[in-house]
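Common to both upcoming complexes is chain A, partnered first by chain B, then by chain C.
Take a look at the complex of A and B:
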């Protein structure tokens, strides 16, 4: 299988790799996929409470090159967007940007899921008065 | 945990220069296919232009020249495996040989029984052939394998019944290189009057095989896995004690004792013969060299990286094979990082089916580790310098990808990944 230049670039130079404190009230964490399926993405966002703008995004991914590229791209795209704008990102946008072949579309779906999961986690924290443990793990 | 963990924004990527004496890319996928040995090519060349005759042309010198080439090849193959020349049937490759052996026996011995025994880790050429026979009313037992990749002889014994006509178990596995106890299997079959076929595609020319000492009745052989040409193979068919009969798959001019019609691929056959002659001479020396290179690769990698697991027994294994799972790293992404090295992965992402290796799953390797596996196939033309380069690149890439892996991070935090409720599991 040959990869597009953009996938190779994200693979070689992944953007926004890292982790943020998942217990922080401003941080939303999405952990999607499963090791058995060969893909796990962790995407984290740090949101400005006043503006709802995503100020920071980090990811770590276990998966093929396309999965790494999809999540790397997702962090780039959500940064600077409001939460609602980020929710509008669709997996097919990622497919198009990275020229993913049909067999790799699930990587983009996972990236969209990761964005939604991270935002969902952040929203849940905002609803409850005090920070709760995140959805990551016990 | 502190906020904003200090991991470099952009992990450094270096362009890799080949070390002295190493030419990139490196081919280390010798279970998929092997480069042809130059001595094989040299032997084949006259048979394209000069000695182009049809080996079945009995009445002129062109035909005789072709026939002579074919018969020399037959002798060389027979010698390598302890057979006689009349027991060698030329085919287009091991897939055809497997089909001919299994379907040929099934049809010929239908009145005697309809039960076939094989193992779950066989090559698809055997498994899919057995599956087709199931559609025609045959009963097939797919033996499980033990954690080391080997079939349990007691289990095999229990599976045998008075309707069993054939046992087909490979000599060496194409993914994990484990050597099945074919002598013991052959003996069990012979005692019970059951025919024994072995797909020896990966084993021939790598480890000694003797069809008589090992009670083999049928054996598949391939040219291109042993430094010979593609598109040519052979089937060993025992002629005495017992005499094995086969129904042909391909009808026509009655070539190859009626078992495989079609004009012989003379140049290819000559090449296969030469490959066998070289193996007869050099196999024992080469095995020592390959296993030393293989152990060097294993030691270098495993001394540097924790949580790496060898798939299959090291004790009974092809000299050039190494199959390792690198926990927390997905196989295809690892291949992408070592793209100047040709190896294979058991990852789903490298297959059309999106399922990880069924061979590794049969060993009880979890899907997660199956996704993380790499098969190294060291061959005749690999060098110690190449092995060292491959080890270094693998180590560096695994370390880089682990820094990128949420699973590695979780494991380091002490989270047992088995206890995590994964969002993706429902869909699986």
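Take a look at the complex of A and C:
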């Protein structure tokens, strides 16, 4: 099996590798894994509270080339999108973009999971923050 | 030539047909009457070795059957058979090797049984994602979050160690720390195998009850399957970690 040029490009020059402050109220963190291969992927987003736009995205993945490329692409794609737009990203979009072979589809699944988990974490933070702001407003 | 049934004393499976050569009832691999090799039947690996679909069995007996059959299926012994028979011998031989390799390994055996039970181990993550997508909920991670955290942290440390080495630096404290974690991981791996064997007993007990005529609900069956799937998933991670940690430590 050979990797596509796009996978190799993302693998050699991964975009947005790194991490952000997990405890920040604007940051959502998703840590996911694929039991099929034992990979782990962490994806973080920083969301503008007023516009719901994802302004920053970082990832760190331990896994095969396809998993790294899938998460690298995912961070590129979510940046500049609103949270709802980012939720519309499907794993098959990643499969197509990177020309992943069938045995590597689970890597794209992992990337979609990571986006959803990060957004879910961010949303949870916003909900738990709400009562505080309304209390202040009163 | 003796048949497998004579060697092992096991009854031939019910679905045996008549021998292509002499027409009498045949055993799975060789005819009981004339000893001719038979075309491979489309059976699962348990049936191939005349075993019930249970997870505990006598591995020494399996090994004995395997060597006995390997010997009988050896090309040298069948050099004078016609080309069709030689082809069947080859097919039987390949099936024998696959079946033996799968059944003798505790993990592969469990995976295989789950596969026969309709569990798609390769598809579980995708299935869960599709479910989460359609309900809009956050996907329930198949592996417990604390294990994922641990895997992630350890991988970070391994990466750090690799970086240090690239720069030609020595980091004895980190090596010691990772060495300690390696031992813990190996213990965990061992513990998971024990846990898996407990699940085997539960599974076999359930199958036995079913054979005794007590109905087993689909729910119970699913519960038992799920517990084994969970163990195999956790084990995948631990196995990868042990492998990666060993690699890094060996090169330091």
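Throughout what follows, the second predicted complex is superposed on the first by the 125 of 138 C-alpha atoms of A that agree within 3 Å, B and C clash if a C-alpha of one lies under 4 Å from a C-alpha of the other, contacts with A are read in each partner's own complex, and residues count from 1 in each chain.
Here, a residue touches a chain if its C-beta (ideal position, glycine included) is under 8 Å from a C-beta of that chain, and two chains touch if they have at least 3 such contacts.
Small disclaimer: the values here were computed from a predicted structure and weren't measured.
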Just from the overlay, do chain B and chain C fit on chain A, or is there a clash? clash
Broader residue contact with chain A after superposition on the shared chain, chain B or chain C: B
After the superposition on A, what does A:82 contact: first (chain B), second (chain C), both or neither? neither
Go through the superposed model and pick first if A:64 touches only chain B, second if only chain C, both, or neither. first
With the two complexes superposed on chain A, say which partner A:126 touches: chain B (first), chain C (second), both, or neither. neither
Considering only the touch criterion stated at the top, classify A:21 as touching first (chain B), second (chain C), both, or neither. first
Looking at A:12, would you say it contacts chain B, chain C, both, or neither? Reply first, second, both or neither. first
Now for A:90: first (chain B), second (chain C), both, or neither, which partner does it touch? second
So, A:36: does it touch chain B (first), chain C (second), both, or neither? both
Once the structures are superposed on A, label A:112 by its partner contacts, choosing first (chain B), second (chain C), both or neither. second
Superposed model, chain C vs chain B, clash-positive stretch out of 130-138, 148-156 or 220-228 is 148-156
Identify the overlap between the chain B-contacting and the chain C-contacting residues of chain A. 31-38, 40, 42, 60, 62, 110, 113, 117
Across the complex, what residues on chain A touch chain B? 1, 3, 8, 11-24, 31-42, 56, 60-65, 67-68, 103, 110, 113, 117, 137-138
Within their complex, chain A touches chain C through residues 31-38, 40, 42, 60, 62, 90-91, 105-106, 109-110, 112-113, 116-117, 120
Within the complex, which stretch of chain B touches chain A? 1-11, 13, 328-330, 332-333, 336-337, 347-350, 352, 354, 356, 366-368, 371, 403-410, 415, 417, 419-420, 422-425, 427-428
Which residues of chain C touch chain A in the complex? 121-122, 124-126, 129, 132-133, 138-139, 141-143, 145, 148-149, 151-152, 155-156, 159, 232-234, 236-237, 239-240
